[in-house]
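Two complexes, one shared chain (chain A), two partners (chain B, chain C).
Then we have the complex of A and B:
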């Protein structure tokens, strides 16, 4: 199919003292795909996305964004390059309203007195926020509502919308469904698909493989700092992914009549 | 996908109940507005002198210094900090202005300006210690409270500076029309700070920093700069308060405004500004300032003894705040 590579990680290694968190990991992200990054605790998923989002810097290896080498010294530089990260529960400011949250750090302003004073364009930002939420199919009755009054699912939706609205290239979702009520999960996964339709590439980290299979086009599996496999979603199933995650020690397929251990993926 | 549809409608339902509760919370700290009204009615009934225009002006003038300092303090507290050094800064600014005028023949406006700038420098020191050295603001300003007070005493050698030219008194005692100049200054700063908090980028960022510093950081805000700036502003405002007080007293005294920071904090907390940061509105802070002023004024008119005044003042703080807490339950 010859899909365009948007982000390319080449031989990324990261050490914390004697601990090798990532060992020579190479990974490509294609344009307009949802890549699920999976692995057990301590497999290196978080370290990897922190490197992509500029929060930490690798010891060795290179990152290419649309074919151009990038070195992000801070999350802000990654943001400028169009890479947005939605961290678990960190993304929103409770006491600000929905519109203010969406535009936090990128407020629309009018300059007065030759730029000495910059007034916020509340109306404009509210209107734009509505458009952004509408595009992604998110229903928030009142855009002026402080986000602390919203449900977990609505908050997560807004966090994702914030990333989607400004992440021109890539958004990274760290456990987007972890803290949600069951009925809200579907909505967030739907939102991930919407973002993809909008032409954004998405990396999603999740422990819940069922959720991952509902949205992902491709899986990359990490185990103790190494990439142990990449699979297209259509060519694989939960069993195989679990096997990759655990190193095949915990699961045996029950098909051939052999012992089957239950694994909580 | 059916599940998703259900999820959608479920979300909608939840959302509408959330907006109902929002309406309930809509008038934030309505408790203190009710309380202010009750106070006014009470004192109006109990004494004849209270409900007069001239007494109203007197109250405003009495609270002007607390008010000016409280607007600065509000920014600090909303950003998640606290500034205990404002009382000392008021004294320092005053002794600097008086000393410069008296001993060095510095033109009066310039002397006031230097005093105010000194307040800004104190604020900068607070800000740098809090953000760069990363000492918690309450401890930073506990330290500078003592240091700045000490400096004020050192500057005047423990004496009172007096005998300034007559025009020294204009700032604190003068009028524009029937409005005392300190009141005018307070009103101008109220409008200014109201705009800053509600209509400027900086204001939004102060709320964001106080509410969720990590999110503010991730969103690309310069949190260190914001936190330092609010301390500088608080220092400048206290400096202005000091200039007014020194002018009003027609002297430079290192011992003035002791404990002023507590009145200022009381006003800010009465105004519903959360000590945890991220929350509070300036108009409510102004109401908090008014409550302090009206209470003090009314109790004097009723000849309440000083010791009782202290008890009542503290009790009122607790009562007014508990009205809001109860309402939220």
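Then we have the complex of A and C:
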């Protein structure tokens, strides 16, 4: 793995009233890696990725993208910087169809009368939507179906496909495998690997550590708003990550035989 | 068999309100023409047609606002204020072309005031537009000194040429209304703004996360709604030539009634102009029929109120219901 840092979070703090959701969190994301962001419910994972995506704004701390400081005031600014996010509560518009959802926020238009009027390129967007889904191996029978009539897995796939198709630098997935059937989970994880092969960096949040270990290169663990550890996937295992998440103490031998001690934060 | 069932379900899903309205319309036409000899006369139909154009244009604007999930109840008051100001301009000697332009611009400006109240001050749309309507009604009484205003007798012929004239037998008012529907239809179906109206009405949070500027979309929708109020003012002047300061006060919810009757979901995210225009026609026919049959005003009010309740109730059954 090239050690080029693509995204760097420095001392991020976020408060909701009196509640400190994130407390001085610093974290680097490397180019072309899959980082699993794990932690218990309420640890602050979603809050952290929403800050990276411009959906909420931190109280303190800085974000650097490829070494440059960025201040995303809204999601569109993060998108312009090549960061695409699949939110935990699936940001799809149920009443719009599949193609409309895939292109929501980045509609293709054709200019007439020298740009005074712009009209949607319906057919082009539908064609591209089919191509996007085909390339990712996602089967949706009717691209004009409103997404409210699709299964959970299909909806999840569409959300991930949207991120995969348009994320130039970073793709963030918040609980993409929650509430999916086994086969569908496999599919989503395949999508993550495909994106990585394209040279993109991925942050994946999941409660299922087995899923995380199937795709992640590295782990970052949050506990009640603080970062309590980072591990390379090859240097750790599920037991250790669980201890980090829950705050239990663990003494175990590393793969190289050395004894490592993890203490409560 | 399966296929037929599926097709019927599909038909109901997409066109249910329109089909029921068309059936209701036919039944109403049969009812009124069999109970009154005056209903199917050309003068009465022309009467219905002209009134329909005013309500129709405003209903198209209200549909745009409702697609984003906002009820705009200020349109008739925009009509009153813009109409009063227009007559004042006419009497001050301004050309009809300038008055027309004023109607459009003033409608847009008053819509923008609503937009400011709703998106910047974050007042709920119903409360916001009711209160702005109160303010505007006050100004209307002020401008008119509480009297009926009439166009300058010298120039009103120019207005009547439009309001009462026709091209190849088609009234100009109707042509104006159809034009407004075409423009709004194209906006809804073929522009990014139109797509965002549906997106924001369907799920504002998802739209925001997808990069849509919510404030801009809501603001724009209320401006369109306001413009149609301004067009309504111009149509009224051209057809009637005068304006009472209380115009539309009793009919405040007529536009909303027509739109809801047309099956436009009150919770936002959907809406078809075909439903709107059918809702307008049915409502106007009911009102006209009741008047022709000599049904007393209080009964008419009761029926009108009941129609709104029934329309919203059907809306709820079809999965709508209040949201915003």
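Assume the second predicted complex is superposed on the first by the 241 of 265 C-alpha atoms of A that agree within 3 Å, B and C clash if a C-alpha of one lies under 4 Å from a C-alpha of the other, contacts with A are read in each partner's own complex, and residues count from 1 in each chain.
The rule is short, and it goes like this: a residue touches a chain if its C-beta (ideal position, glycine included) is under 8 Å from a C-beta of that chain, and two chains touch if they have at least 3 such contacts.
Predicted model, so just to flag it, every value in this text is computed and none were measured.
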Item checked: Overlay on chain A: chain C relative to chain B, clash or fit -> clash
Next item on the list: In the overlay, answer first, second, both or neither for which of chain B and chain C A:154 touches.
Entry: first
Margin query: By the touch definition at the top of the document, which applies to A:187: first (chain B), second (chain C), both, or neither?
Written below: first
Next item on the list: Scan A:75 for contacts with chain B and chain C and give back first, second, both or neither.
Entry: both
Margin query: Output check: A:139 vs chain B and chain C. Expected answer is one of first, second, both, neither. What do you get?
Written below: first
Next item on the list: Would you sort A:16 into first (chain B), second (chain C), both or neither based on which partner it touches?
Entry: neither
Notebook entry, point to check: Which chain makes contact with more of the residues of chain A, chain B or else chain C?
Noted result: B
Next item on the list: Mind sorting out which residues of chain A both chain B and chain C touch, each in its own complex?
Entry: 75-76, 79, 85, 87, 90-96, 100, 104-107, 109, 118-120, 122
Item checked: Touch list for chain A against partner chain C, complex -> 53, 55, 74-76, 79, 85, 87, 90-96, 100, 104-107, 109, 118-120, 122
Margin query: Per the contact definition, I'd like the list of chain C residues that touch chain A in the complex.
Written below: 186, 190-192, 195, 198-199, 201-203, 205-213, 269-270
Check: Okay, in this complex, where on chain A does chain B touch?
Finding: 75-76, 79, 85, 87, 90-96, 100, 104-107, 109, 117-120, 122, 139-142, 145-146, 149-151, 153-154, 183-187, 189-190
Note to self: List the residues on chain B that touch chain A in their complex, please.
What the structure shows: 3-4, 6-8, 10-12, 14-16, 18-19, 21-22, 25, 199-201, 204, 207-208, 210-212, 214-216, 218-221, 278-279
